[in-house]
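As written, the chain order gives the labels A, B, C and D, with residue 1 at the start of each chain.
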Amino acid sequence: MVDGIFAIAMTILVLGITPPKPEISQAQAVLPGQIFHLFPEIFIFVIAFLILAGFWLDHHRQFHFVGTIDSRLLWINIFLLISVVLIPFSTDVAGDYPEVLVAVLLFHINILIVGLIFSYHLHHISRSEHLLESQADMKSLNILFHQSLLIPGIALLAAILSFVNPSVSLLVYLIIPFAKYFVDRIDI
Amino acid sequence: MVDGIFAIAMTILVLGITPPKPEISQAQAVLPGQIFHLFPEIFIFVIAFLILAGFWLDHHRQFHFVGTIDSRLLWINIFLLISVVLIPFSTDVAGDYPEVLVAVLLFHINILIVGLIFSYHLHHISRSEHLLESQADMKSLNILFHQSLLIPGIALLAAILSFVNPSVSLLVYLIIPFAKYFVDRIDI
Amino acid sequence: MVDGIFAIAMTILVLGITPPKPEISQAQAVLPGQIFHLFPEIFIFVIAFLILAGFWLDHHRQFHFVGTIDSRLLWINIFLLISVVLIPFSTDVAGDYPEVLVAVLLFHINILIVGLIFSYHLHHISRSEHLLESQADMKSLNILFHQSLLIPGIALLAAILSFVNPSVSLLVYLIIPFAKYFVDRIDI
Amino acid sequence: MVDGIFAIAMTILVLGITPPKPEISQAQAVLPGQIFHLFPEIFIFVIAFLILAGFWLDHHRQFHFVGTIDSRLLWINIFLLISVVLIPFSTDVAGDYPEVLVAVLLFHINILIVGLIFSYHLHHISRSEHLLESQADMKSLNILFHQSLLIPGIALLAAILSFVNPSVSLLVYLIIPFAKYFVDRIDI
């Protein structure tokens, strides 16, 4: 269920990149410029794809610890999926208007919500002995939970920055790999 | 088969939320208002997603009881899937025109049909000894069947209410969690 | 592979039903008529969904006999999938213009090609001892092959009839369940 | 994960074939010509589908050798998937403007990137003893790596040729089956 929806959401991200449709007679002249102007859209597409891929991998990894699913965990997952499924929409809007505050903010808030639900998800598991395969996993899940706060933290930072400069705020996600390098070393 | 189609239908629901496409030069001014006006669309998207998620979970649960599949069960499932696949379409129309009777009615009728086919599905299984893994399941399937009438009942109520006020009729689905709480306690 | 592509093709069939987009101010007046005019589109959608579901089930069933896959069988399957993936496109065109010969013919030819490749697929398996789990299956596969000629036969009949009356030719597929009833009794 | 994304990307290729939408009153007259003009789009669709199917099969085959996945292999796969997911977009653009250099070049470059990442993928595995199930596979993976350079080689050739004649450069992919016949005989 979770796997399928992640895969489909990641693939339909591409439908948000609007193919230019100039008249055939003018295509030779205007198409190069129009394709060149797609680069912000493709950049946001790549960012969104990588963030979703990251969530997917973490979701996969973390599920190794889980033995049973309770009703609350199920609903956390369903709300996680709703916010994941909205990503192709908010990526589309932000890709079309990377200089407009409200469009970019929509994207940051969507990432923020996915990230917060995912962190809450880990928090719930790390506190629920009865869901876990072995009690020894509680400590590592707790570490995972603290590490998982990185993405919502960065999305919040980007959201704040978007009030200053919408386009630049999208670049904030580029610090994820570097930040992750340090955060993966957290050992509380 | 069933799983894949549910996952895809739930994900392409998002394609029904039409991203606003104002001219770049006017986007700064008009986009906030246009995004604000998307809230009914997003509300209906969330409702449809949750209802489909609920059907999916129930379908999954109920299949644990089923040992063999007969030809009639197969065709019930295919007609269930046709009506599920139409949900992204009717959600799209109702999300675009939440104040127009015929658009909202289309959505209610689609949910009603999915719900009725699903109930009939449970009814057929609960009566077909040869399909079940153990005869002891017949009673619990019978309870599930009675509980499953909740969604088509609410959709019918919403359909009737839509003749009075289309927009308000969409709020009827908000009573599902509360109604489910009581219905899950049915024990005939 | 085959399963996923069938499921996705069947689900995106719904994207071919164009949701009407009248101006909000006129929606109340014109939407009922526009939704009413969608019925041919929804009819063709249901036909295409059922035909694809039928191919899927037959493909599934027939794979129980197959032990190994040779290179030719692989390519037959890939060409089968190409023609399956085109069905949402040809269904879309035929649904938009059910009275135009060339649109309806495109649909019939697409179904015809899917059907012929599928029959060739069965023919190849039924003749290839080395692919089968047990030699005893060859006879039942041969029967399946003869039964599988029904769909391309009906598509050919519909294609011919479409030159007389395009709309009526779409109704030819309604005879499938009755024809299947007799064909399933073939025992050569 | 990989399987699902390949299947979805291959299926949504069809969404790039724009169904003609003439006025109902003119459809009888103009639709035949418009459908006839779709042939380049359908040709590129088939090419893209077959290339993706080929990558998919090779990815599948090669994964039999892999026992563990390291972090670099994971990221190679994620970048492979990003470039695969972009194929429906670049196929759409090239299909709409098969005579415009920049549109066709976009397609060739996309295929080139998918091909190069896939070759690098094989190169990484063939050099990483710790990932393989048995050391004996290293030689066969090395052969696979050399064979895998065929597709990026052909895409590069097509990209160069597109500066001379965009439409003709798309035909270069037709030599793949013949080239593959010889390349499959490589035994270093």
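We adopt the following convention: contacts are C-beta pairs under 8 Å (C-beta built on N, C-alpha and C of every residue); 3 or more make two chains touch, one makes a residue touch a chain.
Keep in mind the model is a prediction, meaning the values are calculated, not measured.
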item: Partner chains that chain B and chain D have in common; value: A, C
item: Self-contact between copies chain C and chain D, residue sets same or different by half; value: different
item: Copy-to-copy rotation for chain A and chain D - C-alpha atoms, rounded to a multiple of 5°; value: 90
item: Chain centre separation (chain B, chain C; CA means) in Å; value: 27
item: Averaged-CA centre spacing for the pair chain C and chain A, given as whole angstrom; value: 37
item: Shared interface positions of chain B, touching two or more other chains; value: 4, 8, 12, 15
item: Chain pairs in mutual contact under the definition given at the outset; value: A-B, A-D, B-C, C-D
item: Residues of chain C that touch chain B when the two form their complex; value: 3-4, 7-8, 10-15, 17, 19-21, 24, 27-28, 31-32, 35, 42, 45-46, 49-50, 53, 56-57
item: Chain B-touching residues of chain A, taken from the complex the two chains share; value: 1, 4-5, 8-9, 12, 15-16, 74, 78, 81-82, 85-86, 88-89, 92-93, 96-97, 99-103, 106
